[in-house]
Amino acid sequence: MKSKIKNKLVSKSIIFCLLFLFVASTTTYAVEESTAELFQYHRGQDVFFMFMLVAFLMLFIKKFEWGVCLVTLLTLSVAFPLYVIIQRNLFDFSLGIELIITGIFCAITLIIAAGVIFGHVKIWHFIPLGILFVPGYILNEWFLFSYLEGVADSGGSILVHMFAAYWGWGVILALQRRDVNQAEMNATTHSISFVWLASMLLWVLWPSFTTSLLPTDLIITGMTTTYLALMASTLTAFLVLKWIKGELDPLIYTYAILAGGVAIGSTVDLVGPGTAWLIGAAGGIISVLCFLYLDDWLANKTNLTDTMGVNNLHGIPGIFGGLMGIPFAGSVQIYAIAGGIIIPLVTGLIAGIIVKIFEKPQLLLDDAEIFDINIDLERTQQM
Amino acid sequence: MKSKIKNKLVSKSIIFCLLFLFVASTTTYAVEESTAELFQYHRGQDVFFMFMLVAFLMLFIKKFEWGVCLVTLLTLSVAFPLYVIIQRNLFDFSLGIELIITGIFCAITLIIAAGVIFGHVKIWHFIPLGILFVPGYILNEWFLFSYLEGVADSGGSILVHMFAAYWGWGVILALQRRDVNQAEMNATTHSISFVWLASMLLWVLWPSFTTSLLPTDLIITGMTTTYLALMASTLTAFLVLKWIKGELDPLIYTYAILAGGVAIGSTVDLVGPGTAWLIGAAGGIISVLCFLYLDDWLANKTNLTDTMGVNNLHGIPGIFGGLMGIPFAGSVQIYAIAGGIIIPLVTGLIAGIIVKIFEKPQLLLDDAEIFDINIDLERTQQM
Amino acid sequence: MKSKIKNKLVSKSIIFCLLFLFVASTTTYAVEESTAELFQYHRGQDVFFMFMLVAFLMLFIKKFEWGVCLVTLLTLSVAFPLYVIIQRNLFDFSLGIELIITGIFCAITLIIAAGVIFGHVKIWHFIPLGILFVPGYILNEWFLFSYLEGVADSGGSILVHMFAAYWGWGVILALQRRDVNQAEMNATTHSISFVWLASMLLWVLWPSFTTSLLPTDLIITGMTTTYLALMASTLTAFLVLKWIKGELDPLIYTYAILAGGVAIGSTVDLVGPGTAWLIGAAGGIISVLCFLYLDDWLANKTNLTDTMGVNNLHGIPGIFGGLMGIPFAGSVQIYAIAGGIIIPLVTGLIAGIIVKIFEKPQLLLDDAEIFDINIDLERTQQM
């Protein structure tokens, strides 16, 4: 009888333990799932916020402020729904928070690319450009994460930043419009203060971008590495600019502080805090050097203007960020980077060839192209 | 003996199952509850953010920028505490996150309504107006969600947007002040750039407004429908304005892009993504047509000025949004819309009659009414 | 036999109950922990957002807008990593969300302190100042929360606001540079509109600051008290300024509306809604009176300029907020306040003595000190 009771107690306690583990794990998992999704709502919304801020990062040309905002809104309203339609109908993705986030990633890549193209086309041309952009972007996404396996790029150095820069360059290489080289780009204190605002808020929201698709337990890690990389580029960009030039060009500095965020993209979840700082520091230095030297060299070589200097913040620092993933991902990372240059260049060239059929812009980088500017007291009183 | 054991095992397993379900459901529920509330903190805060952005949406009159900000702050600090006091003491609501959110809904309705009234009264009159506003708003809230049953309006097309427009119109109909028709409303590039910023960030935060009181499992749905509706109005507002006028009035466009968010308010949790896009698209078209045609017609008819054109963004698109709820809510929706016009008009008229006892403003839409403007270098050097 | 079954049932049900409580509590706890941390991500990020907004709160000097932004970025990229390194290596804190939040608290205290010091030093001097700041801040933090026990200061009235004001004053007392008294500080409408934007968004985000280190169940309470305190100061600052001066100085008003948030810092989790409103109301009145009277008195007494009037918003309202904690914390609160004046003054004096070895600034409060201002069309066409 005793042994029977004992047996029973043992079996009972085992059942209890199993039950407990089962209940605990299931419940925790279920909650984690729904909590994580709720939580992703805000990181996703932050990326929409960043999308809009990219417009203000490019707002320094006083007579072309509204135009930048307009293009930003138009590209979003074309590219996002098209991306969602293709992914749902052709590739069977369901319409949840993940698709919303990958969709805004697509749109943010397009608006960064637009920075290369401003002035090369008319404002409404960004609607066909947006339509042409999405299939190329989806091809690249498929190449990086479905065709290749094990690519390190959680924070989008290759997927977003490199694609943006080289798709934009593909378009302007096809268009071959040299008038932009002489376009007036006058700024004022306050147009540049909007750029400071945008840059500083993009800085703050950057971890939501790099961690938006990470598993829950890596989010704080990603926040730490992203902020440390940004702090490093903020410091090194200052030191290098001051050391080389003696004084700061506010437009170079407001852009280069973000290079740490671009550079940490591929390794945001893989490196420790010290390494993150070093990657960001190198990103800041590289970006400043690109703005100071590579930009002119490329403009002379191609006789074309990368209007917002996208290659200096997103292109080269993006490649550098991708390379930092090699110790973790191995040789596949090299294929990813190679594809991340070739695919956007080719699809950008095709898009450029197509939009070349439309008429050239007459007014370059000027709100008067499409807006009623008589509403502006100062503009109508000259200036 | 065997059957006994069997019996026992069966009963035990049933108890276990019940226990499991009970524990699982309770635990999940408890967690969901507290998680949802934590999560609501941020959606609530986003609505406060939107409240402040409404000020910047109305910042285009260069000599009346600070005044708009001041009125925004004053209305909030009067209306919110009064709303909370009334709801706690007269209607026994407890002071939690739900009451904070319904309170900021009340305040945001008031600041939208202020857009109709600017220039018709002095700045400090918005303090008594705020006090008079709250009881009317609470009456409307009670009519829609306690007196009527089953009204579809989770995202506030009727509760917020329609009430704002028609309460404001009630006030100016009572005041009958025609000087505003001639008031100067000069803008500059940068005052309009603030409007772009506000409009684009309101766009981003809009899902937090429409989903702030939705149950947890409908939040991602609401985010999807809201963003798609906004993308649609952003696109159609552009196309319609360009098609009719040839060029864009930046003030019409920055407002009309938000009409999709207004229009989706009643059906944010009820429609699929395609329908949401169509509702938003119609909202954008309707809003542009109101700005282009209805605005003048109404101004001629009444000889009064809706200073910020609130009827064109919130009034008519709000009614349209409310009508979209009919297939889901049935005839009760029609009573809701009727009440949503009559209640604000009548309570607004009463408020207007009361504040008419105060003196008329001398300086219209001018910071100099209340601010020391000598601090502004440019203003003192003329301009 | 019956009694045996009964016994068994009783014991079983007791075990069940215990099991249930255990599972429920454990599971809830586990989830709460991870949920709370996820949730802290966003409150932490909000504090980074506020950090950047402090720059725009000080952007009213048109020819010194970019400089303020630059100092803001430099102080962050120096102070935050240094704080994290010291806390990890000397005091064994682990690098998680708590350390990220206490780190940005340190940085935000420094940038507020910089408001006292602007113009007294060159821009790059803020790098050594940032390095000197961190040890003093950590000493104060240790004094308040490790040496003393039971200090009421969840929202940082003493830790952040008082320390910022008196450390800044320590530095300028050591430097004794009187040129700043004559420095030009011309504003324009739009430079002040940036201040409105910053102030109104700081207002909105303030609860994330005061609740960022609170336990989960006190967050909604803290949000309520913080918002009510801010509404109160927004109203009383208006009434007092209007009553005393007849018209509003926009720079005093945009600052004083935040005094409620400063004043509620020590009691954010301890008082009810009515008391919170009263504390905020008093904070607003005190801040306005400091701007109107104490500021001049102090400037005459010391012959030094508190450039951004930090003592009027953070210093005195911070002391007031600290005093409000006495009913809850008792006499330890008085030691905390005394230490919260002495420690920053002494460590600030030491920092000031050290940076005095560097050359004096030639251009005061002028972007031309370090920026290429030829990029600004208006500035080069005089202005």
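Going in written order, the chains are labelled A, B and C, and every chain counts its residues from 1.
As a convention for this text, a residue touches a chain if its C-beta (ideal position, glycine included) is under 8 Å from a C-beta of that chain, and two chains touch if they have at least 3 such contacts.
Computed from a prediction, not measured in an experiment: that's the story for all the values here.
Of all residue numbers seen at the chain A-chain B contact, under half occur in both copies; the interface is built from largely non-matching residues.
Superposing chain A on chain C by their CA atoms means rotating through 120 degrees, a value rounded to the nearest 5. If you average the Cα atoms of chain A and of chain B, the two centres end up 31 Å apart. Residue positions of chain A touching 2 or more other chains, listed in rising order: 19, 23, 27, 31, 35, 39, 42, 62, 190.
Looking at the complex, you find that chain B touches chain A at residues 16, 19-20, 23-24, 27-28, 31-32, 35-36, 39, 42, 46, 62, 186-190, 192-193, 196-197, 200-201, 203-205, 207-208, 216-217, 219-220, 223-224, 227-228, 231-232, 234-235, 238, 242, 245, 247-251, 253, 257, 273, 277. Interface residues of chain C, counted against chain A in their complex, comprise 15, 19, 22-23, 26-27, 30-31, 34-35, 37-39, 41-42, 44-45, 48-49, 51-52, 55-56, 59, 62-63, 65-66, 69-70, 72-74, 76-78, 80-81, 84, 95-97, 100, 124, 190-191, 194, 370-372, 375-379.
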